[in-house]
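Pasting the structures here.
Each of the next two complexes has subunit A plus one more chain, namely subunit B in the first and subunit C in the second.
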Partner chain A sequence: MTEEVRTEFHQLMDEVRADLVQMGGMVAEGISAVSAALLAGDIGGADQIITADDELDLLSLEAEEKCVQLLALQQPVAVDLRTILTDLRMISEIERSGDLVTNIAKAVARLHGAELEPRVRGLIDRMREQAVKLTARAMDAYAERDAGLASVLNDMDDVLDDLHNEYIVSVFASHELGKISIQHAVQLAVVGRFYERIGDHAVNVAERVEFLVTGELPEHLGANRARARREQDEK
Partner chain B sequence: MIAALVAVAAALAVALVAVFLLVRGRSSAAERLERVVHRFAGEGEAPRPGEAPLDHNSLDGWITYLESIATTAAMTANLAERDRARWQLAMNELAVGVVLVDEDGNVCASNALADEMTSARDAMALVGAGVTQLLESAREGQARSRTVRLTGPPPRVIEISAHPVSGDSHALGAVAVMADRTDGVRVDEVRRDFVANLSHELRTPVGAIALLSETLAGEDDAAVRTRLVDRIGAEADRVRHIIEDLLELSRVELEGSMRQESVPVVPLLCEVAHQYSEHARQHDVSLVSPDAAEQQPVLYADRGQLLRAVGNLVDNAIKYSDPGSEVHLSAALGSQDDRPPSEAPADADEQAWVDVVVADKGIGIPADETERVFERFYRVDKARARATGGTGLGLSIVRHVVMNHGGEVMLQTREGVGTTFTLRLPAEHDKASA
Partner chain C sequence: MNPEKALMTDESDAPEMLVPSEPHPQTRIDVSAVAAMAGQRAATETVFECGDINVYYGDFLALRDVTLDIAAHEVTAFIGPSGCGKTTFLRCFNRMNDLIEGARVDGAIHYHGVNLYQDEVDPVEVRRRVGMVFQKPNPFPKSIYDNIAYGPRLAGVKRSALDDVVEGSLTRAALWDEVKDRLKTSAYGLSGGQQQRLCIARAIAVQPDVVLMDEPCSALDPIATGRIEELIAELKTEYTIIIVTHNMQQAARISDMTAFFSVQANERGHRTGELVEYAPTSLIFTNPDDPRTEAYITGRVG
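What follows is the complex of A and B.
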């Protein structure tokens, strides 16, 4: 590659990175906004969030196109190739998180009229806080290429999982006390699941960052075991 | 710095050529060389006045001359570096973020606030993205601005604007400014809501009184008349409470804390607990206060105001607790050592303080309302608050009392978990400075 082409190449890679950080910011803001709409029963606000997801879709398509362009025209190798492959995977992870935000927004209308108990509201707020934190830390790990930070994400996700369990219990306790209908309870349980899934996507992002930096994935351990078993069988 | 190095390197190269020329004895070339060297020195074509004219034929003369150029270049570079550092430090003092890019879009200067805002990866990353986009269109010659609203909590409103930076004829780059408008937007909101809430709070009971007395005039049944009179009395009571609280609030605001004295905190807490014991019993809430014999810690404060502030907090805690739960009152002496080093204040006066804590396990306050509950007449849940008979002024009074004493109110809350109010007040030994 000539010097000029290389610069252009890295410029485009930097653009993809900036796009991804922006997408992460959109998801973080989306989680906060949808939680506020959910707690306030604000259907209009929820509609705006559903519309805003189109922007995220557009940005993710643009970023993907840039990646394909880089792969097709520059034939990158080594760390550059790994970066672009990571970026491609990350685009879909973040885009999916955005879809989950949209799903929560759609539930706001279905939950219309439900009187949420303070305890349930408090847990929604805590899941919101933890999901935003996970998303932001995952983007930190990505932008700084920080494999150490990536491994912390797993522990943070455990906190979100615990909150999710506590939330499900309190939703159905609230139903048993006759505070909310079974339809609303099920709807709320599904919403909790969306928060929990956003955390999982953040962990996936972090694992991809670990791969980018170290070349290792958690799946490699399992894969090695499978390979060993296969060899055993052949003997 | 780079300019200085280039100048010195060039001067050295010139010196070598000079030696070569001297050996050859070609003086017309030496004169041209002298002009070139002058240009490096940035001083026109002739030696400065007072300086010995350059002796073309002596190597020593050339060396001395080049030395003086090198010294000047280093000094200039040093001055430029200090100038740049001074600008950077001044920019860091600005209350807005500033980013300057060159014509290719590379960042050539930014201040600390801008770095903080544009390096965020949570929702604030949208500010960074906005800056990048606006700078791009500004580089193409179009000034633009945008307002980014973040839900939070805490909610934030950031205004970004970008302008082209052009010289006499061509573009040199672009500059973006980002300003935090959160406080301004909030103040507007508070002002708007205050008027609406005040008129609502006063109109409702007055309207009710008018309606009830009208009904009363046309009513003959004695039992109904008694009921109507009771209702009128209750509504009049509500108006009276609001007026009393409003007067109290303006008194606290105007007076400051006038009658300061040594106040042992724990006996004061017990007094409050005693005052509200009947109220607590009605709500089936138990008040837990420390042992009344405890004399420490001591505050230097206006006892009446403090009693009122803690009373308001306890009143709220009881109203918003579930039956059967507890409200804890406590006081503790804190000092600088308890605080993380990053938060430690530099001046020694603030070393010790007293935390007065009222903690409940009640319904809590929604996260996005925590900043607003101290506003006058602000209600989180309008229906419930009016049913519990508050005036909507209690926490405003608390905040003003604490401000009068040079302290701060801290609020920790989670819906369904509970609320803890902490009044952090300077400890007694500060009275000399108070």
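What follows is the complex of A and C.
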């Protein structure tokens, strides 16, 4: 039988967990809302999304403050330490995804008057779907401490990357056919990039969840190459 | 002098005792393997090999089946809840349990290959090589100088050499500058933290190989604790240190290896301690292997 002897400490950690799950939910909703505004050319709706990001920034700040308090006052170790380190990293990832949603919202006004072809619209909707799915799955993996679920995020992100490539090709094909201006084509290409980046942040969250559960830091090809070079130099 | 030979009371038995002992067949935790796994500790010399240690007080089993190795020039910390047997185990390393009525130690502790619990071994010599510092500072009711000189005098160090031994020991215990002008005054005039450093100086004055510390900072304030911790880090270059502590942060700060002990009650309510996990400290406090270790160090345990 396990008796809890650090109740307040662990309650505060649970609060941060709930804050992060809420923030992740806000980002997922934001992706859907901003995509609808983009496809509808709804500048008013996009402005609301930009304003709503302030709330996410505030929640990020509050969650980070709680983490600082936990580190300073509770001397966390083992799974508690890994949880708070994960939380701190995740706050940045989620907050950054929120900024990307805002960036898409800002593009809505810049795209005013652009006639989007059905194929481009369809690909935006599919990128929306995949970005929401990635964000939601990453947050589920975090909330449930599910390293297995976290481990599939990378493969799921490949789907978004493929959609992104396909989308860029269609945007510039659309420009070549004279359907959209070069300014609008560039703006649309940048928007595609924002969706793609949201997927990357979800993958980063998933890597952190794997660390939280297993204690293993994510493998990085670049870091491995640098380590090999460093070992070579030492010889 | 040869360390194996020196422990023997009867020199004629020495050759037989010098036969290198087989590594214990049931060694569960190999320090160097753990080190290789963690990738951060160089393989070091082993000072103690403990095989299936069981300690009884009368017919009550206090500690069950402990097997572990202690590496030279490292700080090894024993942590765990009250009654888990960590102090009992610490006392096995210099046969202090011999002094407790009814205490019995089963199993073997090999010290540089020599079983400390074989009949030919002189416990007094063991205690000279394996010194001890206790929870409460316990200076003798003598002057600062005589506290340090006491052991060396008994060991036959000449009067002319004593001054150097006293200065050297107090310097290594980071106390010399504070006491050099009042060596002839009573040790009781020192603060608690100074008294504890005096006890450490006294322990190292007889040139031990290992220093055992049983909660050496529990009676000290944070500054005095910090000084002792710094001292421990310096002392490990010369000595092997084993420390029992209730303060997990202290174990995390100062030790290289951590052993976590737990306690289990049988149906009659007798509580027996056991070793749960033994690993590099950096691993224990970031990613312990055993759920019981994790529960204890994160405070999710009764």
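Criterion: the second predicted complex is superposed on the first by the 218 of 235 C-alpha atoms of A that agree within 3 Å, B and C clash if a C-alpha of one lies under 4 Å from a C-alpha of the other, contacts with A are read in each partner's own complex, and residues count from 1 in each chain.
To be clear about the criterion, contacts are C-beta pairs under 8 Å (C-beta built on N, C-alpha and C of every residue); 3 or more make two chains touch, one makes a residue touch a chain.
Every value quoted in this text rests on a predicted model; they were computed, and no experiment measured them.
In the superposition on chain A, contact of A:V120 is made with subunit B only, not with subunit C.
Contacts of A:D47 after superposition: neither subunit B nor subunit C is touched. Comparing subunit B with subunit C, the partner in contact with more residues of subunit A is B. Taken together, the two complexes place no residue of subunit A in contact with both subunit B and subunit C. Residue ranges of subunit C in contact with subunit A, taken from their complex: 248-249, 252, 284-288, 293-295, 297-302. Residue ranges of subunit B in contact with subunit A, taken from their complex: 120-126, 128-129, 132, 150-153, 362-364, 366-368, 414-417. Within the complex, the subunit A residues that touch subunit B are 18, 21-22, 24-26, 28-29, 32-33, 35-36, 39, 117-123, 125-126, 132, 135-137, 139-140, 143, 170.
Chain contact summary for the complex, subunit A toward subunit C: residues 1-6, 9-10, 75-82, 214-215.
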